[in-house]
Amino acid sequence: MFDAAPILEGLALLADWKVMAVLLLGVFFGIITGAIPGFSTPLAISIMLPLTYPMSPVLGIAFLTAIYAGGNFGSSISSILLNIPGSPQAIVTGFDGNPMTKQGRASEALGMAVASSAMGNLLGAIFLILVMPLIVTVALMFGPPELFLVGVLGLTVIAALHNSFLKAIIAGGFGVLLGTVGMTSTGAIRGTHGFFELMDGIPVIPALIGLIGFSELFYMLQQRYVAGGSGRKGDSQKNLHLLLYGFGRVLKHPVTVLKSSTIGVIIGALPGAGATVASVVSYNEAKRSSRKPEEFGQGAEEGLISAESANNASEGGALATMLSLGIPGGLATAVMVGAFMLQGLIPGPRLFIDHQGLVYGIMFAQIVASFFLFMAGLLVSLYAAKVINIPTIVLIPLIAVFSVAGTYAISLQMFDVKIMLVFAALGILMRKYDYPLIAVILGIILGPILDRQLMRTFQGAGELSLGIFLNRPVSLILLFMILICLTPIALKIYRNVRESLGYAKRT
Amino acid sequence: MTVQPKKKMTAKALFAGVVLVAAAPGMALSANATEWPTENVRLILPFSAGGSIDRFARGLTQHWEEYHDYAMIVDNRGGASGLLGSRTFLGSPANGHYLFAGIQPTLSMNIVAQGADFDLEDFTFINIEQRDYTSIVVRADSPYETIEDLVESIRENPSDVTMSMATGSGTHLFGLAFLDTLELDPNIVTFDGGGEQRTDLLGGHSDAAFSSAYGDMTLGDQVRVLAVSSHETFPGWPDAPPVNEAFPEADLPAIGDNRFLAVHTSFAEENPEIFDAIVASYREVFHSDAYQAHIENLGSDLISGFYGPEESKEIIYEIHEVVERYGDMLSGN
Amino acid sequence: MGFLRELGKKGGEFIVPSIMLAYATYYYLEVSALPRREVNLLMIQPIYFVILVAFFVLVAAYVCKSLAGKDSHDSNGEASERKITNKAATLSFAVLTVAYVYGIEWLGFVVSSWLYMTLLLMLFSVKSWLIVAAFPVGTALFIYLTFDMWLSIPLPKGILL
């Protein structure tokens, strides 16, 4: 199965200093743009696409994949420090990352994020090399019913997001409904109020920036400094020390890293799912199997680690599907397919046969990129951690303007910016009355997956019944997993109800 | 969205630019000047970076740029199946320096099924460069060896056969026409894009698919094409019969994705000479050795051709009629 | 009387779920009117049902608690830490931001951003004249150079830049 010649050829391709340079630059660019709220990773990749034309195939593709990897980590920086995720895949990282910042553990959190990202990326790359055909076979087993269940699995996270189960359900349900807006693949147009811009659905990034980012700015206004601290200038040595300490903490959780990366790779390989869903499912699983689940959401290390390693590992999965089938898993890989074609190469089964060396080269480049990610990540984190020392009166205008520019840049429409404002208003309202914002965003992200896959399940069978799911092995496994995830929630509700009834009886 | 780097202006171009600016009033849009282009050209693409039309547009502009002194920039404006970009194009200045690359019948579907606020008459077509066709395709290990097998199976047990379609594309339209004309009623699963549709087919979750004949070539021997929508055999799939050969009574139009170039009609009508200059310039690029070598390299020479403004317009309007016929079904009824 | 006033004050609690339920109902009815309901409502119907039920349980639980006389403050620690204390500044920020977004299409991105940032800094009573003058200009120019010049992402240009 493993031919020595193309493997060596692949390695030889990497021996070029230009490849190293491009990987390093890509990772830096990805991290920095990822950290800017509003600048999403697919945007960063499509901006750099033209620069890859004059490059050789391995250079161009390595560059773009490095940006993707960097972006997956970079968006966590703003999520951890400012509670403003730079991209959707960083939302879950912030669940525990931001509380850690508030506890004064910002550098530690960043260090953990860097290490988890780098390791997730590395594991994803290793999986890619060793078992690409297997990843693809598994991915192909997921038809509409299975993909729907993956969405449901993601939804179960929402139920556990907040002390008030009811509030989470309402907010999450609302989000899912918003996620169904747009034109369906049967031609029906739902909820667009006549706006052509909404035909593809409510745009996620503007909604995210508005709901979570902009509304956060309103709360930042109330404090002088982001973490409520006094703006003491931390010293670089101490920061570095803390970052490395964070790295050390990750090594103490090898099982979490391994498990999350595996989940990340598989979900990354599924069409239509992506880094965000990967981080959600992985987080949920880590929480469920943890010995101290109540710590999740308050600064639990395992939470941060599971989310970050999953979202970086998902790149390995997405690359697997893209390289072997030529099928893009999401926007980022779609741009990469375009980059291939411009080089005169067609990703797909033929690519592996005709250009095996190149494919191996790209896969090995991922490994190198993981190391660069680690180094670049540490470097950027050293300086990024200082952001919390900048007074909010300076940060707020800066973030506001960048958010507007970044939101506009996605599709060059001021409409998106206005959507951002609408969601900002909703976000402020929700924060005031203590409703979980994340539930709405997760609903908006999962809504399309749930709706479309359920529709296809219905179309394929002519009707909808539980039998469809029970007849398929992978569906059964997923159903089982969902039940396992729901059990702790059900128990909690049961206990809560008993408690309040008991209380009521006593009064 | 992506753009290409701007080229530096040569002294000659700068001088020409100054002269033109000095003589500006009435000159730029008047019938006197047939010099084209006189500034950078933007090719508006109503789809995002990375798709097949994006590859086509970038390859073309890269070669076309060599033929004059200005830059040709591809502007991706994806969204709403091309509707948003089409509106952006129509809202841009109609001065001959904004071109449009679109797909038919997607454009007609914008009008008929999505209620777009523009018309086919707003566009004047330069050429349909790529004519792709629809393939009816199954996985290589499928029990269906021929198209007749599939049709028979559907007739016997319609609810046991599942076929997939990618909405918004020409293959969808052909699929509707095929099923309607032959009176077949299998389960239809709809997808938003070809990528997801292919994974679904390869995973065996659907029995057959209406897909792009050219696009399927990348899957090689993992799939078997049972028939194609073109009226002659499609070179990429020599063993697949044209649908009208297998079912002569059907007499179906040869529909697939047609990728074309266009300008504003308002511009073409007021400046027919400049329009002719644009067409001539494009034809020169298309037939050049360099460009032909490029498309041969990509394999898209199989579906590329120069039909010219008149014939392209005929083909496009013909397809529009088919879209109108199936307007209801396309709107989800 | 006190109970009613309490209810009214705490009624604000229900603004968010009411808005959500109202919009969900409107959406549900709108989609039901489209042809081929059974396909369009596959996901929407169950979710709407869930929201409806959750809403009523929420109301019921609240009513029960109030009747039982229990002190129904259900804000957890987090909510009470994050209150909007500086109402004037917050409101001005909101108004300025909306004006900014609409201003972009009129005045152009760079000029609007510069104006917005300057006004914000003044609103926050930034003492240093240097910062108020230099920071907005610097940022607006930086964004212009990066987006428009380097990355070729054209920013909206109104009557000005």
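Side notes on the structure shown:
Think of it as A, B and C in the order they're written, each chain with its own count starting at 1.
The working rule: contacts are C-beta pairs under 8 Å (C-beta built on N, C-alpha and C of every residue); 3 or more make two chains touch, one makes a residue touch a chain.
Keep in mind the model is a prediction, meaning the values are calculated, not measured.
Shown here, the protein chains touch in all possible pairs. Counted by C-beta pairs in contact, the busier of B-C and A-B is A-B. With each centre defined as the average position of its C-alpha atoms, the distance from chain A to chain C rounds to 23 Å.
Centre-to-centre spacing of chain B and chain C amounts to 41 Å, using the average Cα coordinate of each chain. Each chain gets a centre from the mean of its Cα atoms; for chain A and chain B, those two points are 33 Å apart.
Contact of a single residue of chain B with at least two other chains is seen at positions 1, 3, 5, 332-333. The set of chain C residues touching two or more other chains comprises 34-36, 39-40, 153.
Of all residues in chain A, those that touch two or more other chains are 47, 184, 186, 188-189, 409, 412, 455, 459. In the complex of the two chains, the chain C residues touching chain A come out as 12-13, 15-17, 19-21, 23-24, 27, 30-31, 34-36, 38-40, 42-44, 47-48, 50-51, 54-55, 57-58, 61, 64, 68-70, 74-76, 78-79, 82-86, 89-90, 93-94, 97-98, 100-101, 104-105, 109, 113, 116-117, 120-121, 124, 126, 131, 135-136, 139-140, 143, 147, 151, 153-156.
Residues 34-36, 39-40, 152-153 of chain C are the ones that touch chain B when the two sit in their complex. On chain A, the positions that touch chain C within their shared complex are 47, 163-164, 166-167, 169-171, 173-174, 176-177, 180-181, 184, 186, 188-191, 214, 217-219, 221-222, 393-394, 396-398, 400-402, 404-405, 408-409, 412, 414, 417-418, 421, 424, 429-435, 447, 450-451, 454-455, 458-459, 464, 500, 503-504, 507.
For chain A in complex with chain B, the residues that touch the partner chain are 46-47, 49-50, 53, 139-144, 183-189, 196-197, 199-200, 271-272, 321, 325-328, 331, 334-339, 341-342, 344, 346-350, 409, 411-413, 452, 455-456, 459-462. Considering their complex, residues 1, 3, 5-6, 73, 332-333 of chain B touch chain C.
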